[in-house]
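Note that subunit A is present in both complexes that follow, paired respectively with subunit B and with subunit C.
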Partner chain A sequence: MVESIGWWFRNKIKSISYAFNFFLFLLKETVNFPWNKRVGFKVLIMQIYFTGVEALSVIALISLGIGAVIIIQGVSILPMFGQSSLMYSILIMIITRELGPLLTAFIITARSGSAITTELGNMVISHEMEAYMSIGLHPISYLGVPRLYGVVLAMLFLNIYFNLFGLLGSYIVASFIHNLPFDEYLLNLIQTLSFEDIFSAFLKSIVFGVIVAVVSIYYGFDVNRAVTEVPQKTIKSIGTSITLCILADAVIVILTRI
Partner chain B sequence: MKFGFRHADKFVGLFVLIAIIFITASVVVTGVNQRWFSRDYEYFTRFRTAEGLSVGMAIKLRGFQIGKVERIILNDKNQVDITFVIYDTFINKVVGNSMIELASNPLGLGGGINFYPGKNSKEIIPEFSFIPSDQTAEGKKLSESDLLDKPEGQDAITALMENVDPILNDVDSLLLSMTALLNTVDSALSGNQSSPIGGMLLNLEGTTQKFNTILPVIETIMQDVNRMTTSLSLLMAELEDPTGLIPKLIDPTGSFDTMLNDDNILFDQILILLNDVHANLDNLASITGDIRGITPELNSVLNEATGALQEGGKVLEGLSNNPLLRKGISDEVKASYEHSNLREEDF
Partner chain C sequence: MNWNEVPVKLENITVMDNRDTIVDSVNLEILPGKVTIIMGTSGCGKSTVLKIAAGLIPINKGSVKYGEIKLYKINQKDFVQVQKHTGFMFQDGALWANKNIYENLSLPLVIADPTLKKEWVDDQVKKSLKSFGMEKEMMNRPASLSAGERKMISFLRAIISDPQILFMDEPTTYIDRKSSLLLIKKIFQFKKEGKTILLVTHDLTLAKSLADYFVFMHKGKIIVNDTIDSAMSSEDPLLRAFMEDQTPGEEKKSEI
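Showing the complex of A and B:
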């Protein structure tokens, strides 16, 4: 039993060390990306297209719904307590600071993170990595880095769209139910929105984007031989991404509120 | 090739462009709101104590915020130096003979710093200059002179009253609400309203009228019953003494003899008595029928009384949970009475 615990512990340390080194190498290649002539910018554009543009409809729908619900509930309940102005703070707090980045990260994890792990895993199985290496291209530089950039940028832009639809688009939905003057709504929203809110949302988007991309790429390259490993790694990739995003969210909230 | 793939570059370009425009607009608007692009002019003043002062405290001129406190420090002479800024839009108000006044109040209702511009001067005080406060000798001199543009009554008490004023307004609106409520109750009590209380009173009036018609009948019945009770008590008194009763009954000149030879007088009396009893029972049946007839109305009256009490409870709860003090009237799920309408009741 002691032997098995030792074996398990050694393996854990080994895998954590491998993951950390992989992360450092990916970061180094990411920094070098703009000056690296041999990597494909087309891969980056296509990654932004798959991750950002194609996920826009889902993001728009979710943010419209959440924003409209907050406005309707706020307009109905808060005046009873004489706190109508709190609606804008709640709207900014939920849409911009909290749910926006987190929901966007979840959607990208489910849509693109899983796709990246599956794609890279299948490429490993079909020995495409060896083919890249044989012509002098490092698979992490050529396949991993553009995906990392693509996911981070798409996360950032999707978060902006989440705010756009959640704060302004939802007003249109809510205006069918409650008569709320647009100029009054916009003015209050602008007065409530602070630079700290925008900065917090940006920081979260970048951190979540890095987490989702690195975890997905890592598990994609972690596939060894069998096709059956691909779905297993994909599931692990999604679970790890979501867990790490929630932990990172908690840390960022604590840091920005201290 | 799929349309999206062929034009992926254009889609991504548009996607990025709109996002950048939106975020740039948001940052610019936020910057304008937080006065990133505006110039603030710095001045300093002096107070005896920092009591009631805080960094970020608004500096107001006739209710308009024209600046804010930046720094508060204790100098070598144990005086409090205040560095404050005046917004560029109000810099033309900072003219010679201006003065700063701390308007704090002992009730803890907040406070502020009031700025009073000089009266006869058009010259703007240069940045980083000293502007006297009302706690300095220069400030007191200015305050007593006619050089200060200070509205009448604009002192600490006025500032306090400005804070009290919103509360009084709230109390006023509460009193208005209570007056309206009392008028409603008054109107309902006069029977001029279709509210639950009004309906209840109307029903109560009808029921009382019906009771008034029934009462004489009940009185007659009660007199008959009283007479019967007197007879019965006499009979019971006689029956209490069996030794005296038996001899009287079996005596040849006693009751049995009298009863058998009285030309049916006793039987006639019994017959009359039975007829009286029969009439009384008829009356009782009639009363029971009447009472059964008004039972649904009584139910309705009781139902409406319950509704009125619930409404009254909500009003009291509303008064005790007034938004000024607590959290308003809580939502309540109304339970409908089974027989809210007479027609719905199954007789």
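Showing the complex of A and C:
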């Protein structure tokens, strides 16, 4: 019993130390990436394509729907309290500051984060990582770092895209209800939008992108030898990414609102 | 450093998987220009020792030295320099599934020397594939090849940059007789050229004909480490029992 607790404790310490060292190495290689001659630029391009370009339709559909729902709810409730003028602030608050970055992060976690963990995990099992080592390529530098850059860049662009479509969705509905001219809608939005809103949205995109990428890559490399580990690690990767994104969101909101 | 004269030394290597000891205090010197063959029952740690010697998997204790270079202590840049001079053939091929055969074979060349011209690299890949009659597979993905073909490509990938030190994990398994003979011929050629070879196999006939040194492992430990002639006449009971199991049926019948 005591021996088992000892081994459990030892393994926990070992895995925390491994995770910490993994993060430090990934960070170091991420900084070195632009100057590294042996980097996988093809991997980076493919990651941006898969995470960013292929997710456009999903993001467009979800953001259009969210934008429409917000304006319908706002238009029905706000006039009851004589606060119709708050509609634009609510749109900016929800789409730009909150749901844009967070929902984009969730979509990327579900699509790309899970794919990254699965792909890397399978590569560990089929000894492809060792094959990279055998020719002098470190798998974290060659496979992990381009994925990190790809996910962060895709997250940034998808967030902008989410905002455009979310605000467009709300305009389409608003124009049906109020026959609102587009230039008036746009002007009101721009007048409401502050630098803090944009800064907060970008900061969240970068932080969430780093979280999703690092967690997915970490769990992919954490697969040891059995095929059955791959779905287990993928589930862990999705759960951890979502939890950490929500925690980071709370921290950023507190910091930017104080 | 003259890589023709570099010995590979494994000193007091221990590898653990949770509470299980996979490799237990292994000491082994692979002499330059010689063929060292590791044999042993399945799961005795042969492939693990091979991968440790090539610096591919982490170790819990000990050190691996290439001459004066401590493989597990050097930085990434120096590791690349060492790997330029080594080639590793994997037991199951371990080809990169998302790359075609051309990319699988050209990447080691490009990594070893990023300044190489594409035409030269193309030529090397074509020549390499042609030597095994596999040129038509150049643009195919590994998934479309048979296990034997994948193994051959893994062999070609290991030797394409002409390394001085070769690590091979059961090179002749899964391969048809014709290809196997071709591969063995190549290995003998490398031996003649004075390359350092560490090879894991279950093929006793190959071991007897190819090895300069013979290592027998049992439960993560090295039991016998000697020249092939001395090892074959060893009275170690574990080795004798192992040899008895490895002797082909016909040979056994004739012995009876």
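We adopt the following convention: the second predicted complex is superposed on the first by the 245 of 258 C-alpha atoms of A that agree within 3 Å, B and C clash if a C-alpha of one lies under 4 Å from a C-alpha of the other, contacts with A are read in each partner's own complex, and residues count from 1 in each chain.
The rule we apply is simple: a contact is a pair of C-beta atoms (placed from the backbone, for glycine too) under 8 Å apart; a residue touches a chain by one contact, two chains touch by 3 or more.
In this text the structure is predicted, and so the values were computed from the model without any measurement.
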| item | value |
| --- | --- |
| Superposition on subunit A - do subunit B and subunit C clash or fit | fit |
| Which superposed partner A:Asn179 touches (first subunit B, second subunit C, both, neither) | neither |
| Subunit B versus subunit C as contact partner of A:Ser141, first or second or both or neither | second |
| Partner chain(s) touched by A:Met133 [first = subunit B, second = subunit C, both, neither] | second |
| Residue contacts on subunit A - larger count, subunit B or subunit C | B |
| Subunit B versus subunit C as contact partner of A:Trp7, first or second or both or neither | second |
| Subunit B versus subunit C as contact partner of A:Ser57, first or second or both or neither | neither |
| Smallest separation of CA atoms, subunit C relative to subunit B, angstrom | 12 |
| Subunit C residues touching subunit A - in the complex, by the definition given at the top | 18-19, 51, 54-57, 76, 79-84, 86-88, 90, 92, 94-97, 107-108, 111-112, 114, 157-158, 161, 167 |
| Of subunit A, residues touching subunit B in the complex | 45-46, 48-49, 52-54, 56, 80-82, 153, 156-157, 160-161, 163-164, 190-191, 193-195, 198 |
| Subunit B residues touching subunit A - in the complex, by the definition given at the top | 4-5, 8-9, 11-12, 15-16, 18-19, 22-23, 26-27, 29-31, 33-34, 323, 327-328 |
| Residue ranges of subunit A in contact with subunit C within the complex | 7, 11, 37-38, 122-123, 126-128, 130-138, 141 |
